[in-house]
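Following this line, the structures themselves.
The two complexes that follow have chain A in common; it is paired with chain B in the first and with chain C in the second.
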Partner chain A sequence: MRKFDLELGVGLFMIVGIICLGYLTIKLGKMEVLGDKGYEVQAVFSNSGGLKTGSSVMIAGVEVGRVKHIVLDDYEARVVINLPIGLKIQEDAIASVKTKGLIGEKYIEITPGGSEKIIVPGGKIRETQSAIDIEQLISNYVFGKL
Partner chain B sequence: MSILRKLGEVSLDYLYRMGVMGMFLLKTFFYVFTPPLKINRFVKQVHFIGFQSMLVIVLTGCFTGMVMGFQGYNSLSKFGSDAFLGPMVGLSLIKELGPVLSAFVVTGMAGSAITAEIGIMRISEQIDAMELMGLNPYRYLVVPNFLAIIVSLPLLTALFDVIGIFGGYLVGVKLLGVGAGTYFGEMVSYVDMNDIMEGVYKSLSFGIIIVWVCCFKGYYTGVFTGFGAEGVSKATIQAVVLSFVLILVWDYFMTSLMF
Partner chain C sequence: MGFKLFLSGIVFLFLSTVIQDQALAGKPTDSIRKTTDKIIGIVSDPDLKETDKRKEKDLLIRKAVDEIFDWREMSRRTLARHWRKRTEQEIKEFIDLFGKLLERTYLDKVEGYSGEEVLYKGEAVDGDYGVVKIMIITKKETEISVFYRMKKKGDDWFVYDISVGGVSLINNYRTQFNSIIVRSSFKKLMKKLKAKVEE
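Then we have the complex of A and B:
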């Protein structure tokens, strides 16, 4: 009975610990358990404004995907976005880099277009809008260029 | 002249002890990677280090999270950004407090007991008897502890983090009125896989520090701290204090390495 208790305790401890570790990595670490579900779309921005891998992609304020990676390509930021398969993006949709709140983090907002054509997986969103530089705006205002 | 000689003697003594300590770790690593492994001892030590520390981990984790909830809310609401309570509690628990405090709990609960146990075996000449019978004391006393702590400490840290986040939730959401969606949503968007891995790496390295210091102090009780009950008590004190200091110092270097 004593030996049984010992092994029961160890088993219980391992289960609880692994559940906690799993919760942390899957829920908070956003680890993909079953691989990437979805397709990729590219967008090129002249200024990504400090967008990061894992930043969210939103349509109408609803999070639909995440930024997979960002590379510098010909002095422009090429951003690869991961979107769920069911979601169709029109060819003339606009991707813009926006800020949550005044000093919040950056995210990509996709404004749907009206075209019949749908962007295929691996395709590219042509219409992009770079991050707004608030300091630039303020200095324009201060020095009367606005 | 005699002062100079004394200084040299003390430094040589320190150097010698550090060398013995380093050799102890190397030997332990060697025996960890060579069979046979004493499975029964290992399971017993996981029970002792992991299972028996769970209650204390849950208690300390819960109250740490609750305090973080209060303090974080207090500081953040001064800037009107109490929406960031979730990320603050989550990040500081996962990156710093979880690994360090659970390492402290394990040092206090298991580390001191390991030192005392091995120390008493040393002064009552049980280790010498083992060697005389041709058994390797490292395999029976050090390696099971080493593996058990490597397995247990990351799991205990994960438990600490989750319970702490829940404690922060209790205070922040239920008591102070931050939105539950805000608390968890912001936390999910700010905590990264890298942060969690940092916590795991930290707890693994703290585990090695604890088991190294505590086993070493116990194993060399007779040699460095004298025989008898006083020697064991001295060894235990030194083990706990040295573990605490090394954990905090190493924590700084780990953080600056991963910054």
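Then we have the complex of A and C:
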């Protein structure tokens, strides 16, 4: 009987351990299990500058959503982002790919517009600004000087 | 007989490419091309080169630009969420000042024109919205890509945003104006704009 109690204890400990591990994996890996809350909108960029699935979407520096996936479509980057349901994005909002710091990771910044039309779930942010290629800027500057 | 057929074949082929070419360059490109040619005509007009003709030249350029720029739409997009809080009077004043500000920036660039080449890189139309892509090649062989974002109104297309080298004009001013309005007030923004325009 005593032996059985010990085995039960170890088993329970293992199960709790696995649950904790699973929780940490989901939390740290920023995965979503029970379906996404929120809605999706698309934005097409001519250069996504290395944006990744899971990159942040910010408004006024506040993280409001994440990049759900990115596909190449006609040599342009079609980015699908996930936004919370209560957040309204105006039809003339501008989505731009920005860099945290000078060489930090990429994120999408949305500057809200003033239109009365709101982008519906599954809709598209028409106004986009691609990542600024700093190397290109430097080379333009260098070769422009010739 | 065979030769005749061959010849008419070539003529047909030639004609169809010409027609296709015209079909490819749609209305948005046409209106941009028209205005660009008009402005280039004005700045390279030897009669208007003298300094005392400067006012006249500026006026002509402004007129050409007015035909294709939708100032109200541009102002609305620039003020974004602050637009709806403005009275009709404030809106009128803002459109006037913002137009003048762009005119200053734009005219300075245009007046430095010295035979840069303008290439039309195509357009993309999606419903009532379109983008016209052009490439300006400077004398130093630097390429500058310019996108004109246009909106259809009735039968004509009007510019509401310009991106130069991937940087949107509206986004630039929207961020700047928003931070001025949030930090101080709309009145302060108008004061700053006035000072800048009168500089």
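The definition used in the following text is that the second predicted complex is superposed on the first by the 130 of 146 C-alpha atoms of A that agree within 3 Å, B and C clash if a C-alpha of one lies under 4 Å from a C-alpha of the other, contacts with A are read in each partner's own complex, and residues count from 1 in each chain.
The rule is short, and it goes like this: a residue touches a chain if its C-beta (ideal position, glycine included) is under 8 Å from a C-beta of that chain, and two chains touch if they have at least 3 such contacts.
Computed from a prediction, not measured in an experiment: that's the story for all the values here.
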Superposed partners chain B and chain C on chain A - clash or fit: fit
Chain B versus chain C as contact partner of A:G54, first or second or both or neither: first
Chain B versus chain C as contact partner of A:G17, first or second or both or neither: first
Partner chain(s) touched by A:T111 [first = chain B, second = chain C, both, neither]: second
Angular separation of chain B and chain C about chain A, which is computed from CA centres of the superposed model and rounded to the nearest 10 °: 150
Which superposed partner A:Q129 touches (first chain B, second chain C, both, neither): second
Partner chain in contact with A:D92 - chain B first, chain C second, else both or neither: second
Which superposed partner A:I70 touches (first chain B, second chain C, both, neither): neither
Where chain B and chain C come nearest after superposition, their Cα distance in Å: 26
Those residues of chain A which chain B touches in one complex and chain C touches in the other: none
Complex contact set, residues of chain C against chain A: 76-77, 79-84, 126, 129, 138, 140-142, 149, 161, 163, 165-168, 170-171, 174-175, 178
Sites on chain A touched by chain C in the complex: 46-47, 90, 92, 94, 96, 111-115, 126-127, 129-130, 132-133, 137, 140, 143-144, 146
Chain A residues within the chain B interface of the complex: 6-7, 9-10, 12-14, 16-18, 20-21, 23-25, 27-31, 54, 56, 105
Chain A partner contacts - residues on chain B that touch it in the complex: 43-44, 46-47, 50-52, 54, 90, 94, 152, 154-156, 158-159, 161-162, 187-189, 191-193, 195-197, 200
